[in-house]
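Both complexes below contain subunit A, partnered by subunit B and then by subunit C.
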Partner chain A sequence: MPNIDYAAEPAVAREKGTSVGGRLGLLCRSITERVPWYVWWLAPAFIILAVITIFPFFWLIYMSFMKIQLAPGKPDLFVGLENWVDMFFDPSIPHGWILLAQYVAASMVLQLGLGIGIALLINNMKGEGFFSTVFLIPMMVAPVVVGHLWNLLLNSSYGIYAWLLKTLGIYAKGSLLSDPQTALWAIVAMDTWEWTPLIILIVLAGLKSVPKDTIEAAHMDGSNRFQVFFNVTLPYITPAIVIAFLLRFMDNMRFIDKILITTKGGPAEATKTLPMYLFLKTFRQFEIGAAAAIGFTLLFAIIICGIIVTNTILKERGAE
Partner chain B sequence: MDPRLAKTLKIIAVTLFLLWTVIPIIFLVASSFKATGDIFDLPPVGDWVGMLKLLFFFKASFTQFRNMFIEGPFFTYLGNSLLATGLSVLISVPLGLLAAYALSRGRIPGKKHFYFWVISTRMAPPVAVMVPLYVLWRSFHILQTLPGLVLAYTTFNLPFSIWLLRGFMDSIPKELEEAAYVDGRGRFRAFTDIVFPLIAPGVGATVILCSLMAWNDYLFALILGGRAAKTIPVGISELESATSILWGQIMAGGTVLIIPMIILGLVIKKFLVTGLTMGAMRG
Partner chain C sequence: MKRISRRDFLKTTGATAVALSFPSILTGKAQAAEYAGINWKPSADEIKKWRQFEGETVYVLTENTPPSVGIRGAASDFTKLTGMKAEFTLEVMDPLKEKIFLDLRGGDPKFHVNYSQPRPIGCVICEYWTPINKFVDVKTGKSRMPDLPDVPDTPKGLHDAFMPLHPEQGCQYYDPELWYGLPYDTAMGMLFYRKDLVDKYGKKFEDQYAKPMKPDFNTTWDDLYDMADFINKNCDEVDSGLGFHMAQNWPINQDYTAFLMSWGVKKEGFSKIEHYEAGQRNPGPYLSDPQDYEKAVEVLEYMKKLQDVIHPDSKIWDWGGLGTAQATGKIAMQMNCGEFCPYVEDPNESVIAGKAGYAVAPKGPAGIHAYEVGASGLSIPAALPLKEQKKAWLFVLWATGPVGQWEAFTKYYGTPVRKTAYEEARKRGWLKEDATFRKAQHLWIQEIQMVDHLDGFCLGPKIPTYSQYLDIAGGELSKWIAGQTPTPKQCLDNMISRLNRLHKV
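On to the complex of A and B.
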């Protein structure tokens, strides 16, 4: 910021100082000068972020101690810890956590396993560029479309994947999504379809950092493929795998679009993961106070993961 | 293992994965170009030739698109989608640029806490955020309006663009701007003349990734957008009711939704991994 010496213009200052407006102008100017430049650059984003993130955060906590009445004119009632206590007696909540854990764990294992495997296979293969182009397609597809698309693919009378499962003699009982035994796994499959490609691309990027001569040297020493992988390649791509893991982990904890489109928590509560239960509690039963308590718990759990991610990413970049 | 066998297995594995990835997309696009009756024409179990016909050799028809856009309300939804996406990007990216520059160049006390705040908003589960936003938007009287939806998208696009752009700016050496100061240009001119052109590709990638997130959103549009700001994802989902499912139009809507994003994704292919990992990986 240019450093203008206002003391060098005494005549103007004296003249302006005589009127109230002039004094105000001077006051503003001296404040402007004392505030570091970055405040002005940061202020618009900061203010908007504060209104749309910090306020809702505290409002969420506030609501968890209230009985929120949506009907106009009815005031919210303070209920103390009722919502929090109720949470411990609601059997849907441990059920939701368990389902969420199963969903996240299954997705992570499948996506990381497949992703790392395919990345290793196509690394330096002919047509690698083509593959990485094709693999970006599913990531671009809106989760809503993924949900509807797989709903039709698995549809017992019109779906080609249901047809395939019948033809191969694997499953002929109808749609995987309407069977409580398989519904959650069908959603895992959808998520795996959409996001394994991201893991492939991340791991591929990591593989580019492995020095080729180190691998050659290891082969020369007589190490076999597996030894080379575990001793040379893996340490180089571990940061990439950690990042892929954390990103997918958090997103799987957060998003419910696919469940909301395909099963809405059913059949027989088989896909009522905690965030899905939270959605139903809020927008179907309108128990906003209770939902706020659950929402805060979920937020808190994910923020804990978030701290780990932030530290990892910052360490990865070597910043701060 | 015999190297030739290993190579064959490798090719089989990669081909299977490739098929697993593209068949749903082919099915989606193929179904959207079929007449309503043809969509349900599944070959008998075991008829592989019939399956190939279903995916590749069918009578093309624009019935679904006509029903959606000319007879149905999808032009309005498309407009809402474009407006909500465009406006949220127009707010998020310029403000993100200013904030990112300040964060990258300023010696700001407590910067780390700010970073944590920014990145934590990207981790909040939308369902949990939706509850207080719903109440807040109602008291602002922007519930179920387009401005309300735009502001809702800003809750995730602004932090995302700050975070990503800061990463791009950190990679530009400060010395370049210092030369500009010597030339007598102010900080803002140094930013617009020196820094911005250098990170322009990164800004482009940020614009596209922010568009992607807003364009693909369903939950915010469903709850906060409501009737007045119905976007395509919400419109598509409404084609499924308790009594009937208009599969053809749902697939056609899906095609309309994914084609622009796939093209944009290809444009920023180089930045995709960087962007989707929030700068943690260089693609």
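On to the complex of A and C.
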């Protein structure tokens, strides 16, 4: 064995990796050399993100197998698949999914249709700045305030919309929110009023990226306005529409604010969408374990739907 | 210029501070020595116990309803008695429940006093509150801790100081021996009607139906239906003859509970509830008695029939929405909590001020005048250190005591549960029909119901799964009245199967 004086020659010892300190030093140097500098800069953000998203995600899964005890001092109980099995016996779950599907479909069609239409209408129009500012106002109002506002507008005692609907002979049975046939659609209308401007804003930004000379060339080649829109404009603005779609889709899938303010899931369960039921399970019934199972399925559905939508649209664009 | 040394500066400011505080100390002592409220004047020894935490603050988390607005308004009296300040956070019921739960579950409560509405709060989380048995002998009202005062004005014992059933309903959970607080307020259902419409159309109604239009002690639910139907067909003054709070979950459940009791169903239809007032951890199978089942079918049929004559917005009204509907002149009659009387009688808020009349809840086929009651208490978190619990206890004693209750009622229209408040109101001639103190008309009816119709006192089952019960029963009832369930039996069968699964029976 070589007779090395480590105290006298620490650098030599580290180089040869013959001590623990030396090995650690080598490892650190190796990591710092191999990992690019920007990764070190991003690391704190990644760690924080992991703590606030990945940890709760796994905690959510853990809780879905537990009965979370409310009474002080009592440990939470492992209940296996009970919370998951209960979902199959709870009629509020399929009912909530159906209502959520109806709500999301109606909201997406209305918000995207109106948003794209209005954006095309005001694009390059005289007064575009004024109109786009006016259209953005509803989006600036807090969702809870929108719920309260529409509650007043639809109130059959003093709501101007209720009065208007009654006077025009369209609806005279009180508030739209008190009728199980109309309550969900009234809430769709509120959300459409508030969030269509976001679609307008995003699509308008997309429209600004369409090259004018390409459109002029298409016109010169004899294309009519519809052909120009579908063959030139639409491909350019598709990424913007995808972004708008994804943003609104994810938002609608977890939407509860206006329901909570106006109907709280009623009347006759007509607005008890799955997110609303999830809220009730968590904060009204304090069934945290069962709520975790429901919450996980909802999260899973949102992620899967998001991936499917993005892949479908982007594949089509790739094929083009 | 003479330079002041640090030592001199401290001496001067210290002396000034003492000099300034001396009169206030004297004043405080004078205030305490002079303290006296209705029917109660503490002794000098007691005053010392009340003022032991002088200068400190008690944080109260309670519901945003007239009783708590009243107590907050009267809190200067608490400061006068104890030298402590009370800071209030008032919330509507659902956020209140969340806040209380999160505050308690966190293990380090920030609020000294919680509003303990037994349903839906207390029956779920009562174990987070400390039983007050450690502070007081619940039979006599005498303090068990030498440094704490007795419960004020309890010559016949603690239980007898409060209106009937309020200690059991508002403060006991599953064990009748333990009190988790003291009774604080009472929201009691009663019939509000329009006297002016009765005066104007009473004769015509009598000719048509051969019975009086004015509600009285013999009025039945069928009579109420006839009145509403008549008003709908004959009176242009209102949109609808009758309104209910039939919003999904709690409001509609309260109606259902009262109807069940009126029709003679015992213990909310749960067969294994032993102590109805204190509650039961597992209530057993739902509507397992065939007779109760048949009565419940009749109740559902009546609730469906009511839809023909009540305002259609009843399906989304809670107590507040219903109260507003009558105060704005939209409906002629409502079944609502008495605490809305001051609102309905306020000429600045209501278009029917001075036109409203009040009656006990109608009776059902079983001859019972069943009425919903929100009998609540004030409770103290068990996780607080003992010193903080004592501060909280002093507030609870004041707010549920003769003075706090009287001040909150007379000045801010609270709903007292102390017998002394009713006795004093009666002495002053307020507990009668058309008394001059209009905003106390509800107290007149409350007393009649609690004295003459105690068998109709109902709140819904006191069980730990009350929130789930509300969701299941409220949802099914709501679907039934909206016509989404074909038969009342199917509605009940859905409720039975879901509730029995919930309770694993």
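Keep in mind that, in the parts below, the second predicted complex is superposed on the first by the 252 of 320 C-alpha atoms of A that agree within 3 Å, B and C clash if a C-alpha of one lies under 4 Å from a C-alpha of the other, contacts with A are read in each partner's own complex, and residues count from 1 in each chain.
FYI, a residue touches a chain if its C-beta (ideal position, glycine included) is under 8 Å from a C-beta of that chain, and two chains touch if they have at least 3 such contacts.
Model, not experiment: these values are computed from the prediction.
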Which of subunit B and subunit C A:Pro36 touches, first, second, both or neither: first
Touching partner for A:Leu299 - first (subunit B), second (subunit C), both, neither: first
Which of subunit B and subunit C A:Lys272 touches, first, second, both or neither: second
Chain touching more of subunit A, residue-wise (subunit B, subunit C): B
Contacts of A:Thr133 with subunit B and subunit C, given as first, second, both or neither: first
Contacts of A:Phe226 with subunit B and subunit C, given as first, second, both or neither: neither
Subunit B versus subunit C as contact partner of A:Phe88, first or second or both or neither: neither
Touching partner for A:Asp257 - first (subunit B), second (subunit C), both, neither: first
Touching both subunit B and subunit C, residues of subunit A: 157-158, 283
Sites on subunit C touched by subunit A in the complex: 94, 97-98, 101, 104-105, 107, 120, 124-125, 127-128, 239, 247-249, 311-316, 324-325, 328, 330, 382-383, 467-468, 471, 475, 478-479, 481-482, 484, 494, 498, 501
Of subunit B, residues touching subunit A in the complex: 10, 13-14, 17-18, 20-25, 27-28, 31, 39-40, 42-43, 45-46, 48, 51, 54-55, 91, 95-96, 98-99, 101-103, 105-106, 108, 111-112, 115-121, 123-133, 135-136, 151-152, 154-155, 158-159, 162, 167, 170, 186-187, 212, 215-219, 223, 233, 236-237, 240, 247, 250-251, 253-254, 257-258, 261-262, 264-266, 269, 272-273, 276-283
List of subunit A residues in touch with subunit C within their complex: 70-72, 89, 91-92, 156-158, 173-175, 177-180, 263-270, 272, 280, 283-287
Contact footprint of subunit B on subunit A as seen in their complex: 1-2, 36-39, 41-42, 44-46, 48-49, 52-57, 59-60, 63, 68, 114, 117-118, 121-122, 125, 131-145, 148-150, 152-153, 157-160, 163, 166-167, 193, 197-198, 201-202, 205-206, 240, 243-244, 247, 250, 253-257, 260-261, 275, 278-279, 282-283, 288, 291-292, 295-296, 298-299, 302-303, 305-307, 309-310, 312-314, 316-317, 319-320
